[in-house]
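Okay, so subunit A shows up in both of these, paired with subunit B first and subunit C after.
What follows is the complex of A and B.
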């Protein structure tokens, strides 16, 4: 593959990570936060594949990416389940309202 | 090296027992039978280990690259302390049958006691420093859980947390020292380290040595960490016996004795050890004299006697310190279990509300007096022989001022031992426990007797083991004892007797002990002329201000936490922002550094 493909891939990764972080910084709805986290995580998974390919060892990058995908899916399920419970008990998904550390 | 399965069995059998006891669920009788069976089996196993010490056996399992090997080595220290932990721990379990009758949570209680015994046996048998650290922290964990056993009592919970924090703080010194040893030599193996220690950079060796000293002082409740032990008295009394005689506090003395040859060349290390021992022995002796709580008085006496052992190690008397440890384990277990029998029936720990119990509890009185004689160092009980040997060794190779301090402390010991016996058993009886409707006072129960009588016989007899014990240590500890020092075996006991009786220091010490006894007999005179001593008394009752230091540190930590609370907004977005900024800072540092 040519170098320009890697450049495009890295640019895509940076975009995904930037969007994810931006979302985590400004969003207040728990479900949306989980979505932003997913975007961020997909960026990091992609960089594993890219890094493996650039180093000439694509198998390692791909197997790492698969491993992270599995763990990531489990975490997302737990996060969404928690969000459902938060909605049920607090009546809202707004992180500012459910934060009790300050009081 | 031959492999012996006896070693791991002795360590892990009590742990298996703990699980089985927990699994027994609600069957109270079965649970007690199982606990006693496992404790007794482990005591037998630990005694079977003793012949292994002379042979070249061991046990090791590879745990993977990062951890080295789980290796167990039966040398003199290991088999001796394992036997002390398992046998005295077993007697404490038997005693608990009567003491804990009708209490809630007995499954948890017996499981933790067995877990504690196994951890201590593992600690002393391990030949791998990392495993020593792991077992060290497990004993701290068990002591916390058992001190706070009555977890609905705020004082018990506070005492347990205090023990956990202070011993955990000391444990940092052990962990850091162990990691430094690994960084330097690439192995956690203790014999390898002992052989290489003199090739270490002196600066590094000094850090390791003082780290280990801090860990040992915290574990053995030595100055300046002594405050946790009296507060640990909120535990059920058999647990106090376990902590003081069998498992917990011996670990610090063991650590110092084990690594003495490696650190004895570090400038100031032996002096620091002598200082820690002498100061602890003296101030704890003073506090024991003014304590009115029976268990607190005994707790201070433990700190004081451990101070004797630490002092002996600093003066180079490895055998003397271990021999005194043996005597102390037996008579202190006896004293605590005797005190447990008294407290169990009287229902208070305040000695001022006891008195006159000698007629109502004749057996307890006899065994307690034997224990007190051993504590005071009066012949022919075991405490006399070990303390005289220890003082004689200290006079020969330690600093003279420390010897004088220890001699005065020996007098204090006689004074407070006599005071305890008098106040509990012979003082005019108090009305409170004779009032109608009060619980009738009765002598120790059958299970208590099973535990008390062997300990009383042991207090009378363990000094006969001096010769074989010295031979065992000398034969199996090449770093501590030169090839010429191998003891003559069983005949050594007679030599010791001759040596002790003919030494002038013995008679000096006995004279000081007599002064201590006279001070109690003539206390009325002292009380009149003692107005000048009142500030000293008040200072001793206040624990010499160490409590205030503890409180100050606790308050400072709490205040810092309150102050930093503002940074914890609880808003997720701020946390993310902080993480992003931290990542940027790290990347910037890397970019600038690269």
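What follows is the complex of A and C.
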């Protein structure tokens, strides 16, 4: 694997993380916040594979990438279940409306 | 290298559209496309095992759960305004990227000294066996937690006391 491929992959990781962070900062819908978190986690998975490959230890990087993938899936499932409960109890998914700190 | 660049560019476009799409269902489908292209990119980078798991879990299972959740919660589009003012979001994102570049990338560029030829399956089941056990526990706890959270609201049972019955009769 040539060095330029790793460089392109690192640039893609930075873009993915930037998109995820921007989404987490501006989005107000709870389900879309989970989508932004997923985009962020995809950058993390890719950087695990890239770092393992660049360090010459691809197996460790890949096993850690699978660990991140499983943890991210578990977080997504619980977050979506929480969003459904928020919708049931508050009638909305807007984080500004459900916030009680402003009142 | 051209194929990798095209796949990674497509993945970034899908990720951007997943954030920008106004409808939740469309957003989930863009995210599924992003996952599928990420799986392809990972396979092209020399890790087909991780690519297969990403394709089945990231593009398959997570998309199904998103569609299920959107189906239950219902579409709620056109939420006006951003949580944080957009200029501040851009500044914070730039700061985050600067910190990420400053702290991590120099470490990635250190040349590897001792390369190991550890097979992937040995790394997962022997070297990182604790991780594997924790993953199983995490998945089970997530499933149990989501079942508990998705359960319907339980109405409190009304005790029909003699006093209330007498009050109702009057």
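Following the convention adopted for this analysis, the second predicted complex is superposed on the first by the 103 of 103 C-alpha atoms of A that agree within 3 Å, B and C clash if a C-alpha of one lies under 4 Å from a C-alpha of the other, contacts with A are read in each partner's own complex, and residues count from 1 in each chain.
Keep in mind that, in the parts below, a contact is a pair of C-beta atoms (placed from the backbone, for glycine too) under 8 Å apart; a residue touches a chain by one contact, two chains touch by 3 or more.
The shown structure was predicted, so the numbers you read here are calculated from the model rather than taken from an experiment.
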Can A:28 be said to touch subunit B (first), subunit C (second), both, or neither?
both
Between subunit B and subunit C, whom does A:38 touch in the aligned arrangement: first, second, both, or neither?
second
Scan A:96 for contacts with subunit B and subunit C and give back first, second, both or neither.
both
Which chain, subunit B or subunit C, ends up touching more residues of subunit A in the combined arrangement?
C
Could you tell me if A:19 is touching subunit B, subunit C, both of them or neither one (first, second, both, neither)?
second
Residue by residue on subunit A, keep only those touching subunit B in one complex and subunit C in the other, then list them.
21, 25-28, 95-96
Complex contact set, residues of subunit C against subunit A
1, 4-5, 8, 11-12, 15-16, 18-19, 24, 27-28, 31, 34-35, 38, 41-42, 45-47, 49-50, 53-54, 57-58, 61-62, 65-66, 68-70, 72-74, 76, 79, 81-84, 86, 88-90, 92-93, 96-97, 100-101, 104-105, 108-109, 112-116, 118-120, 122-124, 127-128, 131, 134-135, 138-139, 141-143, 145-146, 149-150, 153
Subunit A - residues contacting subunit B, complex:
21, 24-28, 33, 95-96, 99-102
Sites on subunit B touched by subunit A in the complex
568-573, 576-577, 580
Residue set of subunit A touching subunit C in the complex reads 1-2, 4-5, 8-10, 12, 14-23, 25-29, 31-32, 34-36, 38-39, 42, 45-47, 49-67, 69-71, 73-78, 80-85, 87-88, 92-96
